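Got some structures for you, see below.
Both complexes below contain subunit A, partnered by subunit B and then by subunit C.
Up next, the complex of A and B:
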């Protein structure tokens, strides 16, 4: 809106006769007769000093608001808050300079039947053999002798305990419940103190190496996928290890702190209509969920669907049918509830069976369920279990759900990416170590991305919460790096990863990812431009007039002096 | 119209006529008031009667009225309206309250006219002042203005703000500075923006002091006035605190006006702008819009120092265009004061254009809103375009009135220029 306030009024004769006066016709007639438009412009009489002063006050009043209120507010509201981030440290983490992921694994040897010096000798030789075999410095096994008093127990501080006992031949066997490897040796296998090698030591070293080969390969592939300096990497993979490696991520789900388990009962007819799934889960699955709890949280829901038709109607399901068995269109299996990925466990009650191995072409039965021909695993998705039942069963008791749940449990373990070989305790601790390495690397690379983002976009705002998240991430990363391979290491790595993700996906930052400076012109100019023109022009005119008056006053002063 | 003798009978007739018109509409067309209450042109988030009822319901059930995020009006409305019988069973009492407020506003307007301040203030006497309308005419123009009637029927709470502002001016011109300041405090308490009227109102009160108890020092007078306003506002805030039990009402009433957190469309210019605004610039442009609104106060007060009532009139017109939640109620207040300047109407240049633009916007505004919201054949730009036209019409009126008043002043200094074409340089 034009503002005539600051402008003084002055006369101007009508430029031509067409500009009729709005008021009385008599005065305009006089105006017309007074000048014919040829006459030069009449100068307005000089302004009164009071008018000049008033005009300066008006201009001053506008500029005071602009300068005293407008400028501070502009500064305060448009300054982009950038919290200080430890950029160099963050980049160091992502480049792997801040932490060498080292997994020192302690393995204790219980050899109660041996003399102290014999045992020491055996240990030294085995360690030598191990060091000769190992080419990966990030992951090394350290042997130690357990004190004889600890007989019968396994050492909780070490990853694996080797129990040496005299026997007929050289055998090795994993204890199914504890991280213990029982090795028997013939009596002549004890190395003499002077010998530099021993078949028993080589045998033990070979057993250890094969027990940890999968873990080593997994960790080294993680490290090589991230930008870890090459001297950490092993020189080569054994073919079977790389094969297992390529299969493992294809089958297991991407890591998430929480998994959502959905148990579904689909029946082809009206019955059974209820199941005691809660009791069954508590009884058969809870123990495994509990031991996985340091690594994952689980949430559970269940559902029952009657008259469910599977995607394949054949009586006997071939291997090709299994992939299309899930009726994705009709079965209410939502891809994920909340933020957590969902693992589906389906019990299907119907008359369908899976073609057994003998009916199929032999040799192909690697994935096909040979032992439990009732269920199959769908990679990264879940499990289906076919449960044959008498037709009049109305309620499924917990006991009937034992086999399905045991199958689900073992499939859950493979879906979480647990190694294939070894005893369960050993596999779990291996999973914990792989996960902590994975989380550590992911948190580090997120930090690196955040640092590069902050460097690349100088106009992005960095709220304080992001700086806090980064500080927390670095603290926990450091703690995790110090205690890698231990349970606290995993806990710290989990916190670090969660904080890093939260800092990176801060909402107020994402909204302004791209905002170049040119856009600011488009933001400011349309409104402030028109407002600024009268303000600035008024100020300039006023300053000019003031200079002119001063000059005239000076001239007048000179003139007086001359006289 | 002019110069007719005003008898007490005619006065009573005018007031009774206005009241009967309003009551007749609500009884004969009972759906009309509810329709008007829902119109965005009448009810803004900070004046809506529906929102008031929501707040009232919460208040009567011992829940904080601001909990729902719907009610943004002053807390003292709540005890006032809870005293009235329930609106759903006996709406007549609510109507009577609003009609009374309208009649009181008309009464205050009448007193402003009778004081003759518009034609001859303490520092300036217009040579054209003889040509004016009577208080009866101007009060009738106000009471029978369709905008005023619609606002009253829509039960927008801005009716009370209008009443308080008109009383503040009436008190000031009748030489009661204290009363003027108290009335202005009430207006500011209800709607916040009238606080910006303080400087010209202080000047008006200063000019119109009764000679027997006049304060000579202008600074001392202004300080007293500011002190009175601050004191009354403090008392009102304290009472609100006692009524609601917390200071939550401050962000919920004034905070909403300052931050424009409710973007319901209205006839103003803010909502569309802030719907489109980048989030990171929002606070800056809020400040710019508020400063823009406030910047007129200083300039106008200095420029038209000799006629403070003109400044008040023009500022009310400007607020009606540029405040965050304007409605036709603000326009009706401005249009109530414009006829005071009957004597400068001949100096205005665009009366026809102004009338045409305002009528155009008045009729097309609801149509475009319907096209956008109900018919779905238009979009938000339709309605925003018509509010721009509406704002243009009002700003033309403000500018033209300002031009006429300034020219009137100027012709006193330069009598030889009367009736000649002039140009601004």
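Up next, the complex of A and C:
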């Protein structure tokens, strides 16, 4: 016995029928043994060799099915699919080995009043002076001479155009509308072809350096925050500037291609109940949104809430009160529309005022402004503006919203992380460069996280979409790395970051990751135990019987030889 | 030694200048993940635990959008509730925890181990609303509070499944890898709670639990009218501290003060604290303010009044002209591009076609033909088997 099939057959049949079902040849054996009862216990009839053979075939076929069909299926269905990831390359990106962020900034010089060779000479000297000043290899300023035909226009391919013009003294002035730096020089300022240094060249270099100092500092702090070795240490910064530098990342929002702007009017009473926010936005905010449009998209919604109670009821608000002014529990400020992060702009109509510095601390408030301020910025969140109004105002016209919206506009700029100083066109292009470096580094570090995760958690599944995403990310990272400092750089970095995020946050990469061994036994034993016992026992019995037969055959052979 | 130290000085100075930007010790947002894991009326106290912590963090200023509340059951609407529509955590029934303003993010059968891990690791689908996601970054402090029925290294979810200490540790590690938190305070109130945080291995986590291995966590008292226990001891004494000592966000009480307030006499089990993962160890961790985790810290920047408006107006007119200039330049460019396109239309098409070839190739792409062959082979094999068996069974043989 021991054969599962035989077991099943015998249990299906009632015991008394068993004898009748036996083959006819064995009945004689039964009667025989019945006749000579002296032998005691009844013995089963000897098995026919064909039965023995059939039984071993049955056992063999069971084992074949288990080994050839069962095992592969079990293996196939329980293995976790892990797509091949280019782990080393991913780690290289995150360690900064794959790409050294370098910003070659082209600056063209228009010097129409100068002779060609004079201009060349000035350019060479200025470039030398710049290289001496610059200690941050990731941020090159490359000068080039603009062709004289381009006079009057600024060069769109370069970051900044310097317009040199003769004048009384050496002065420098940024054009407010275009990325142009106007520099005048006295007629004796032109370096002679043989001189190795010139005050004008040093002056221009100094101007350029101070214009790009904030950008350099921001980028190098980004790099060092991502533990990419940078040999640059910002030097000669006033404490003010470094303070602003440290505040920038804390204040500005994480980059997102789209921001959602929510304008809310909260009133402490029933009035005013309507406002001309659309007109006001068109008039006072649209231009800034337009110039930001190459970098961000904006969606806008507005709301009016009457009888709103602020979190603090004091008449005069101290600085501590301001942080709890927003009544987060009751004001509907998280619209959760779409996937874009929200920037809140709140106009609160009530009779509360912000304490001026002198009111707060009488001792130190020497430089306190005469009039109280009306608004405050909440980092990474938005702005609140307190608007005092006569009590019977029912409608807020666009003109009344001018002050709040101007405040919102300037806050929006600082929330997007735009640099504090410089001319506006330059600040915008700087923002684009800082953001593309930021995105590039973020995507790289996400790749590294994913690679380390794949190594650390061997039981997490990695679907193919993740591998695709990684491939796309690396492709766009490469493109972005090549075109850093150009508009395409930002576009590629944006795609790379989005793809990296999607790969890391792949939905199907979750599951119960860890199964203790007890769990595995608890799952497999009830299933496999009852199946395995007859299988294993059958095999053992069969092997025993086979050895016994062999031994008997050997004995018989010996006996024959002896005869 | 001394000499090298002197050489290093300028470098250190430079680093000190950079330090506030790079160190990022300061957090800019606070989040709370409050999880109850048990259903049914007799577990009333677990929901009351979570709701009272929810009320506390809301009182201290964390907005609903930054609180993830998981409630597997609705005690307020349970038919056995003698006070319908309310949940109390104290027999004096002074504070209705349900109130008018409660935002449950995950409820009922949504509270599962999978959803919890998805929440922590943010592996959610596009369809998930922002209010149900933990949108933290590397400057967020997170309070993770869990309560329910647990055992040695597991916490049961809804009588159906359980989360292991290893799963939790891996989830936190994934968060750390993706820079999804600055610091975490992990708080758990279950039986044998301290085993749940024993497997954590990610940095910057302070963990505390109500009871050691083989210790039960007891309930504090029952309300005879409600008919069940209304709060657990550990949570009760946490709340007592938070209500009496941390009245508002300006409180200067530290986590050390909170942890020191735990005694065996009060809690009836040995509450545990784990500091070793924290940057700076026990000393730094104990100095963290309670409001760093339970409150919402905002550093507002008040505007100066007066001359700023002139600047802003200037900015406005500037941006107006710049926008016009941009528009003009774009139009010019477009015109030029259109001209060029007309001239070299054919070449462009070719170039774009070539670009497509260069685009990404999937890393593992099974061959369409090999799939077809597999299918055909399987069908042929089955037919063959059927034919063979019918041949063998045929009576003629």
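Everything that follows uses one rule, which is that the second predicted complex is superposed on the first by the 373 of 563 C-alpha atoms of A that agree within 3 Å, B and C clash if a C-alpha of one lies under 4 Å from a C-alpha of the other, contacts with A are read in each partner's own complex, and residues count from 1 in each chain.
Everything below uses one rule, namely that a residue touches a chain if its C-beta (ideal position, glycine included) is under 8 Å from a C-beta of that chain, and two chains touch if they have at least 3 such contacts.
Source: prediction; values computed, not measured.
Contact with subunit B, but none with subunit C, is seen for A:74 once the two complexes are overlaid on the shared chain. More subunit A residues lie in contact with C than with the other chain of the pair subunit B and subunit C. Of the two partner chains placed around the shared chain by superposition, subunit B is the only one that A:461 touches, whereas subunit C remains out of contact.
By the touch criterion defined above, A:57 lies against subunit B but remains apart from subunit C after alignment on the C-alpha atoms of chain A.
Within the superposed three-chain model, A:291 lies in touch with subunit C and out of touch with subunit B [touch as defined at top]. In the superposition on chain A, no contact is made by A:276 with either subunit B or subunit C.
When the shared chain is aligned, subunit C comes close enough to touch A:475, but subunit B does not.
By the document's definition of touching, of the two partners only subunit B reaches A:65; subunit C does not.
Of the two partner chains placed by the overlay, neither subunit B nor subunit C lies in contact with A:47.
For the contact definition in use here, the residues of subunit A common to its subunit B contact set and its subunit C contact set are 511-512.
For subunit A in complex with subunit B, the residues that touch the partner chain are 1-14, 19, 21-24, 27-28, 31, 44-45, 54, 57-58, 61-62, 64-66, 69-70, 73-74, 77-78, 80, 461, 511-512, 515, 523, 527-528, 531.
Within the complex formed with subunit A, the residues of subunit C that make contact are 11, 14-15, 17-18, 20-22, 24, 26, 28-29, 58, 61-65, 101, 113-114, 117-118, 121-126, 129-131, 135, 137, 139, 164, 166-167, 170, 173-174, 177-179, 248-250, 296-306, 308-309, 311-313, 315-316, 318-323, 325-326, 329, 359-364. Per the touch definition, subunit B reaches subunit A in the complex via residues 278-281, 283-285, 287-288, 291-292, 294-295, 298-300, 302-303, 305, 346-347, 349, 395, 398-399, 402-403, 406-407, 410, 414, 417-425. Subunit A contributes residues 83-84, 156, 176-178, 221, 224-225, 233-235, 237, 242-243, 245-246, 248-251, 254, 284, 287-288, 290-291, 311, 319-320, 322-324, 326, 328-330, 333-334, 336, 339, 341, 354, 369-381, 403, 406-407, 409-410, 413, 424-425, 445-446, 449, 452-453, 456-457, 464, 467-468, 471-472, 475, 504-507, 509-514, 516 to its touches with subunit C in the complex.
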